[in-house]
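Got some structures for you, see below.
After this come two complexes, each holding chain A, first together with chain B and then together with chain C.
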Partner chain A sequence: MIRFELPSLGADMDEGTLLEWHIKPGDAVKRGQVVAVVDTSKAAVDVEIWHDGVVAELLVQPGQKIPVGTVLATLLEAGESPMAGASPTAAVAAAVTRRAVSPSARRRARELGVDAERLQGSGMQGSVTLADVEAAAHVATAAPASVPAASGAIDRAQDMRKAIAAAMSRSKREIPHYYLSETIPMARALAWLQQRNQGLPVDERLLPAVLMLKAVAVALRRTPELNGFHREGRFQAAAAVHAGVAISLRGGGLVAPALHDVGDKSLAALMSELTDLVKRARAGSLRSSEMSDPTVTVTNLGDQGVETVFGVIYPPQVALVGFGRLVERPWVVDGSVQATPVVCATLAADHRASDGHRGALFLAELRELLQQPQELDAPAPATSTSQASSP
Partner chain B sequence: MSRTISYRQALAEALREALQRDPRVFLMGEDVGRYGGTYAVSKGLLDEFGPERIRDTPLSELGFVGAGIGAALGGMRPIVEVMTVNFSLLALDQIVNTAALLRHMSGGQFSVPLVIRMSTGAGRQVAAQHSHSFEGWYAHIPGIRILTPATVEDARGMLAPALADPDPVLLFEHAQLYNMEGLLPDEGTIDICSAKVRRAGTDVSLITYGGSLPKAMQAAETLAAGGIAAEVIDLRVLRPLDDATVMASVRKCRRALIVDEGWRSGSLAAEVITRINEQAFFDLDAPPARVCSEEVPIPYASHLEAAALPQPAKIVAAVHALLGK
Partner chain C sequence: MKDDRAELADAVMALLCSIAPEVEPDKLDLARPLRRQVDLDSMNWLDLMVGLKQRFGVEVPESDYARLVSLNDVLDELQARLPPR
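After this line comes the complex of A and B, so read on.
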């Protein structure tokens, strides 16, 4: 019997709402298959399953809000018969933690139309009390007059703001950031891109952002202490580079879903994946694996008109690489000043996992890699350890 | 004019008044006459009313409680003093099987207008056999009314309505209250059917009776200093219970703590909590809680005895737990 649990789709997610099942009892599922859509505060995410099997029972109904770790469904493994074990329903139901809401709070919440399950409890054992409900109702009635026809979109924006606030507060509270920056000449990279893009249809042309992403992934092989997670008091390096790409959303807020195995993919593949990822992020249909496992974040504010960006690390990651706008600046080449396109690359890194010296090596490596763009387009070297880490 | 008197004096005044008012009233019990009562409540009454009406009895609770029942059936209004609740066990058959049931067994032909007074409770280092709190037990029995005066006013005022009741009434005087002094208001009717709010509050209902009332009041004072407004309910009448007063308080405060010197299991506290759950569940912000005596024979050693009984500090701690503090 396999228990399929709601995965954490990012460090800032504690719960999600099941929107829809793509499977039903009796269906055979394959590893990696999208089986459900779950709404987080950030997006509707396609949740993939990580076992082959046959669906035995769906334990959560669409519309239910459940905490991370809740068993969503049970699966039978190959050869397992449905009667092999006792029905897990009872045990599963008990395992789902129910928010303690006092009887009076529950009744009042219904009267006031407040979702008591979502409130912070101030009562015995953290339970939600009548006063908590009335305070929440008070806040809710004090605010909304100015908000025209409260819609799901507004809730989403507020929830996302809250989620970002939580993750970024945690970052600045827990992570001792250090910052480095390096101005990188981009003349060769741009010339190579221009040449490579010649004659290609618009949708196949490479953007500088893709070159930078790939360069980051390759450079991280030399400095693995910038790629991974700080968890349970220690750094755990990740085997592959899944780059979280910061994508700002049209309605405000941002997400940073992962491009997987960036170091091992061709630039063309990365370009099409990036295009797809941005499109889906803005449409609000990301996959659970993309949300849950970026090992480093890359933010590129290039098209928004600033030269330098110093990022806030997304916990439990340990580094964030930023790229500013591509600008022409006077640059000394072979003893003479030339107008040269440059980009400012920055590193915000977790001092618990690495030191400034290693960070500097990373930026220097990044600079050198971008001077040999053709090398970045080469197939993955065999030495790379590209085992996709299974979530 | 209101005046300050002791609980003992209040009881004595009530007895004297009853004896003066109604020639059918008489007092009997162990040492109530020449000795003046084990707790000195009937001191001087023998001289004032004579041996016909202030009667010393042999050490036979079964016998003299039975005699009291007979006198009541015969038209008298006897007040029987059983020295302590501990000795009332010897008279259980008369109290439970006879006094409480005769109205029913006689098809309503006979009633038993009997008042039985007894001391109850622990806290004076008289060891396990003399420290029982069985008023909760008696409250289990249909057919009798159970009173627990916990204030000077009730000590003074409960006897008259008890005597007026056509059925048996048991009055439990907590032994630690006899020396307590309090303000006795001028006039005012004392009923024997309602619970009373002794201190108003909004955050938690402390529901108690008898010897635990002063402890609950003290705890409420401590809690007030910490910003918690406890409401103290004195049950006064353990049977029949005044549900309305209890529920009104619980509905307001949304949390209830019962303080009961009886042992937890099967206690009066258990009954009150059950009623709260039956009648006010949807008004609660926390599960009803209780501070009772530890389930041990009440120890003789002073520090162990204190540890076994409800105390203000235990009440305060239980309230903090209820409020999640």
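After this line comes the complex of A and C, so read on.
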């Protein structure tokens, strides 16, 4: 019997509301298949399943709000018969019961128009009390009067702000950040891009952001202590680089879903995946793996005009790489000053996982890689760079 | 009756609204720099260029992007590249 749980959707999302099932009992499902849609503060997330099997029972109904880790459904493995073992339904049902709300609190919540299920309870075992409801109603009325007609949109914006606040507060509370910056000359990279894009149809052209993403992923191979997660008191390096791409949303807020295996993909493939990811992020349609997989975050604030960005690490990741605006600056080349396009690359990294020396090596590698853009377009050099230096 | 340029402007405006839904066409000044009036990142800009290709069949070369500062510049570019009617 496989228990299919609501997966983690990132550090700032600990619950979601089931919107719909794409499966029903008796359906065969395959690993990677999207089986449900769950609404979070940031997006409606297509939840994927990571086992092959046959759906036995759906345990959560659309409309229910559920914490991460809740068993959503049970599945039978290949060859397993439906009656093998006791039904887990009873145990599972207990896990998905709604947040405890005292009857008086529930009644008062209805009167005040407060959603008691969403409150942090201060009562026994986190139950929501009358006082919690009244406090919440007080906060709601103290806040600027919201327009009821648009309350859906406002809820989403407020929820997202809260989720970002929680994750970033945790980051600043727990992660000893250190910051490094390096100005990288981009004349070669831009000339190469221009030549590559020339004559290509507009929808096949590459943005500089794609070159930078690839360079980050390749450079991280040399400094694996910047790519992975700090969990349970220790750092675990990740095998692949799944870059969380920070995407600002038009209504405010941001998401940083994963582009998978960035180091192994061609620039053309990355460009089309990035285009698709940005489109879906802004339309509010992402996959659960995209929300939970990023091993590092890359943010590109240059389009908004700033030269330098010092990022806040998204826990449990241990590094964030930032790029500012491409600007022309006086630059000394072979003893003479030239107007040269440059970009400021920054690294915010977790001192529990790495030291400034390693961070500096990463930025130096990034700078070197961006001087040889054609190499970044070559098929994956695998781990050759790191192996070359070993005896 | 609307002239060609006004029709073009309407079509470009519709495209822009699909990329940046918060845009209010009446409030945009065709002569002012577009990116000072609308929050467009490089991906949005590329979307606009792809949209122009799909809508009008016009491929704007990357080397021309720097000239396209205002919406009027974009309309000039389109008119120059569209076959005369």
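What we mean here is this: the second predicted complex is superposed on the first by the 367 of 391 C-alpha atoms of A that agree within 3 Å, B and C clash if a C-alpha of one lies under 4 Å from a C-alpha of the other, contacts with A are read in each partner's own complex, and residues count from 1 in each chain.
As a convention for this text, a residue touches a chain if its C-beta (ideal position, glycine included) is under 8 Å from a C-beta of that chain, and two chains touch if they have at least 3 such contacts.
Source: prediction; values computed, not measured.
Examine A:E232 and indicate which partner it touches, taking first as chain B and second as chain C; both and neither are also allowed.
So A:E232 meets neither chain B nor chain C here.
Would you sort A:R205 into first (chain B), second (chain C), both or neither based on which partner it touches?
The answer is second: A:R205 touches chain C but not chain B.
Contacts for A:T275 in the overlay, against chain B (first) and chain C (second): which applies, first, second, both or neither?
Second partner only, chain C.
Which bits of chain B are touching chain A when the two form their complex?
So the residues of chain B touching chain A come out as 254, 281-287, 321-324.
Which of the residues in chain A come into contact with chain C in the complex?
By the definition above, chain A touches chain C via 194, 197-198, 201-203, 205, 207-209, 248, 250, 274-275, 278, 303-304.
Could you list, by residue number, the parts of chain A that touch chain B in their complex?
102-107, 121-127, 129-131
Quick check: in the complex, which residue numbers of chain C touch chain A?
20-22, 39-43, 46, 49-50, 52-53, 59-63
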